[in-house]
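Note that subunit A is present in both complexes that follow, paired respectively with subunit B and with subunit C.
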Partner chain A sequence: MQLSASSAGTLLLTALALAAVCVAACFDRATTTASYQHHQDDTGRISTPEVRSTVDNEELQLNTRWSADVISGATPVAAAPDAYSRASEFEQTRHEAQVGANWQQSAEQQWAGGVTASHEPDYDALALSTAVSRDILDRHATVIVGADAGFDHVGRVDDPLFSRSLWTVGVAVEFSHIINPQLVAHLGWDFETRSGFQSNPYRWVPVYDGSHRPALMLHEQHPHRRVRNAMEPMVVWAPHHELFVHMGYRFYADDWGVRGHTGQLRLFHADDSDRYRTGVRLRGYTQNDARFYRERYDDVQTLRTGDPRLSRMYSLTAGGRLELRPELFDRHRPRLSLNYDATLYRYANYPVRSSMLAHSWGLNLTMEWK
Partner chain B sequence: MPKLFVLIAAVVLAASCTSVEPWERERLSHDCMQVPVDADQARTEAKTEATREGAAGGIQRTGGGCGCN
Partner chain C sequence: MNHLKTTSSRSVGSIWIWIGALLTLTVGPGASAEVTVGDQPDFELTDLDGESVTLSEHRGDVVIVDIWATWCDPCRQSMPFYRRLYDERSDDGLVILAISVDENQTAVADFRREHRLPFSVLVDNDHKTADAFSPPGMPTSYLIDADGVVRYRHVGFRQNDADKLERYVDRLLDESNEHEETDR
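And then the complex of A and B:
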């Protein structure tokens, strides 16, 4: 007996619906969130619709997520006299899907794992992650050890033969300790190694011969390998039963010579009735330039870049967040949140621009079913 | 850096010998004491930072590919 395509589709949909009902019946609670984020700066715009859902019971939580980045901006045109200012408009969509699970093995120990895959016309990525969390010292401290691995395939829309790969392996350790009934100290350390193609396949680097016009345009060429380390101490303090303060510092270092320092302060106010929450954040970031970064290349270098992320720069971010939890329904309490961030970037030795202002805002709606 | 991590963790441990009883943990159990308070928002922020700054990744790692180099 042969099935027609429509019959097979109907069967598949029925099986999926049955599976969803069976899965939902096994769990005590489900949440679904729909969100929309928008980011805009001098280089372009990114709009990101996203849907997330979670089902959980006392032992197990399953979560799924899908998002799309709709990117519109400008990319340099090959062989243009000034590749930075001559650019072509483009629009591209990147899809990302994630499935994950958390398992509460015992009162003290929890496991987590997940798979994330993304696709866009010139870039595919797959990442696996796992972590174990354990409460120690009579539940006064928590240690989390995590590991992840990723494989990326880099292509180029104007060249079907262009194909490069990138492997990423990372390990993270986090340690939290309760200092007193209002204060918790956190410390995180992260190590990551990347091997493979790490340049931008569309970016060209001008090489000058002493005049103001470039004599040569060469493809960007970054090192094949990058080893990254980051350490982040942080304290979380509740000076009042409605006020919470998160204060942290992050130090980053890699073998390309980049050193980054980030300071961040977040304040949250949670109303006693839990009908609304507000939050503000201030963030300052500074980094030096990579060892092979030059403001201007006057001769041909093996390693060359035009990436502003490898230049000497700093940024300042200020933002806010409002979350409303109206009591509209007894069992399905919705949560609506709005967030806005403004970031000022200043570049010390990036020839294309000396500063840039970016705006990010978002809207989230979460529904809960018990 | 791993040695520094162990050293700081040891200092935090040594400086915090106070026992906090379960009935004293009301504030500690509040959502706003979690790090991060909102994991999804933190992921979004990390992604934006990764596309504009060189010290991204690590603890704030996001999925590969951003299309916004």
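And then the complex of A and C:
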């Protein structure tokens, strides 16, 4: 007896649903979040629907996530390097799925692990991550040590023979300390190395040879190795029992010569009744340009880029968030949140675009089942 | 169909150990064949009027195959030179096949009309022929002799490249004419 594809799909979905019911029955609580995020800037639009769910009991939490990025490229403009990205000329969808687990090994120690896979017509990625967290200093401090590894396959939609790979390996260490009931300090450090193809396979870069007009266009070619480091101190201060202030700074450095500085201030207000929460944030970022990136690509060089994110730039983000917890469906504790961010980018030496304004907004709905 | 034929051959502790092993890996770009001097390529494409054109049908002529796009500034700069070259030497047996990799065919047609290009402009909007040639940059032009062999490959276009290209074209046209006389 042969099984048709639709019958197999129905069987698989039934099996998954039964498995979900069985898993849910073993756990005390389940949470599901459905969200939709939208991002728009001069280069295109990205719409991201996402579903997340977790089930947990006292010792174990399992979580799954699926999201899709529906990317719509902007209409190409002649003489703009971004327009040379042929992938941006049509709509494409990137799917990402994640499964993970958190295990409370003891009162002080927790383990987390997960697998993330994504697929789009010209890019596949697989990543594994794990972390151990331990409470110390009479549970007034927490240390987290994590590691992750990923493998990406880079293709081109118009060339089935084009195949490149990228390996990513990272480690991270975080330390959080409750200094007093109003103040928590946090310090994080992460290190990542990437080996492999890191260019945009669609992008052509104009190369100048001393005159004001480009002499030729060459495929973008980045170094094959990149070592990234970031250090992030942060404090969370609660001047009032309803008000929280997050202040953070992040220093980023890599061996391509990029040095980035991020400052962030976030204010949260949670009212006593816990029916709504509000938050605002302000984020500033500045970086210098990568070492191999030359203003207007004046020399014919082995390494070259048309990526504005590797140029000298800064950005300023302002946004807000509103979370509502209406007293409805009591057992399910629904939470509805809305968020909006506006980001202004300024590129100091990117010949195509000196500035760009991006808008992001989102809607989230979370329900609990106990 | 636009196949290219060419004669060229061408636990924390264990985590750290694992990380160390991965760090030693260097993944380089895969090798890809490209048309270069000495090769005898062929392709079939359609021109802007929908007519099928093959490179091999021009055996006996000196052919410039130019891979270009309307969004490529140096490609645009080169077109007045190719127009003049074609006007002056087409009677001597020079053929120019300009392969556009634009996806927007209207932009190519507008460009040809605006610049009154007298030679064949071929459409390669799926880039299969251009990818098979694997030009190292844009524009890249290939000077092909009467036997269909690539004799010279030129990458980019600067104003002072025109003299050099012209000399190569004249040399190939002279060779072609000498062949014809010998055959007679």
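Here, the second predicted complex is superposed on the first by the 333 of 370 C-alpha atoms of A that agree within 3 Å, B and C clash if a C-alpha of one lies under 4 Å from a C-alpha of the other, contacts with A are read in each partner's own complex, and residues count from 1 in each chain.
FYI, a residue touches a chain if its C-beta (ideal position, glycine included) is under 8 Å from a C-beta of that chain, and two chains touch if they have at least 3 such contacts.
Note that the structure is predicted; figures quoted are calculated from it, not measured.
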Looking at A:Asp158, would you say it contacts subunit B, subunit C, both, or neither? Reply first, second, both or neither.
second
Could you tell me if A:Leu166 is touching subunit B, subunit C, both of them or neither one (first, second, both, neither)?
both
According to the stated criteria, A:Gly196 is in contact with first (subunit B), second (subunit C), both, or neither; which is it?
second
If you stack the two complexes on chain A, which partner ends up touching A:Gly320: first (subunit B), second (subunit C), both, or neither?
neither
Tell me which of subunit B and subunit C touches more residues of subunit A.
B
Mind working out whether A:Arg225 is in touch with subunit B, subunit C, both or neither, as first, second, both or neither?
second
In the overlaid three-chain picture, which partner chain does A:Asp209 touch, first (subunit B) or second (subunit C), both, or neither?
second
Dual-contact residues of subunit A, meaning touching subunit B and subunit C, are 166
What residues on subunit A touch subunit B, complex-wise?
33, 35, 37, 39, 41, 43-44, 46, 48, 50, 52, 69, 71, 73, 92, 94, 96, 98, 116, 118, 120, 122-127, 138, 140-141, 148, 150-152, 166, 168, 170, 172-182, 184-192, 200, 202-203, 228-234, 236, 238, 241, 244, 246, 250, 252-254, 258-260, 262, 266, 268, 270, 277, 279, 285, 287, 290, 307-310, 313, 315, 321, 337, 339, 341, 343, 345, 358, 360, 362, 364
Mind pulling up the subunit C residues that touch subunit A in the complex?
12, 15, 18-19, 22-23, 25-30, 32, 70-75, 77, 103-104, 107, 126-127, 131, 136-139, 155-158
Of subunit B, residues touching subunit A in the complex
1-2, 4-5, 8-9, 12-13, 15-16, 18-20, 24-28, 30-33, 35, 37-38, 40-41, 44-45, 48-49, 52-55, 57-59, 61, 63-69
Note: in the complex, subunit A contacts subunit C through residues 76, 78-79, 83-84, 86, 89, 130, 145, 147, 149, 158-159, 161, 163-167, 169, 171, 193, 195-197, 204, 206-207, 209, 211, 213-219, 224-225
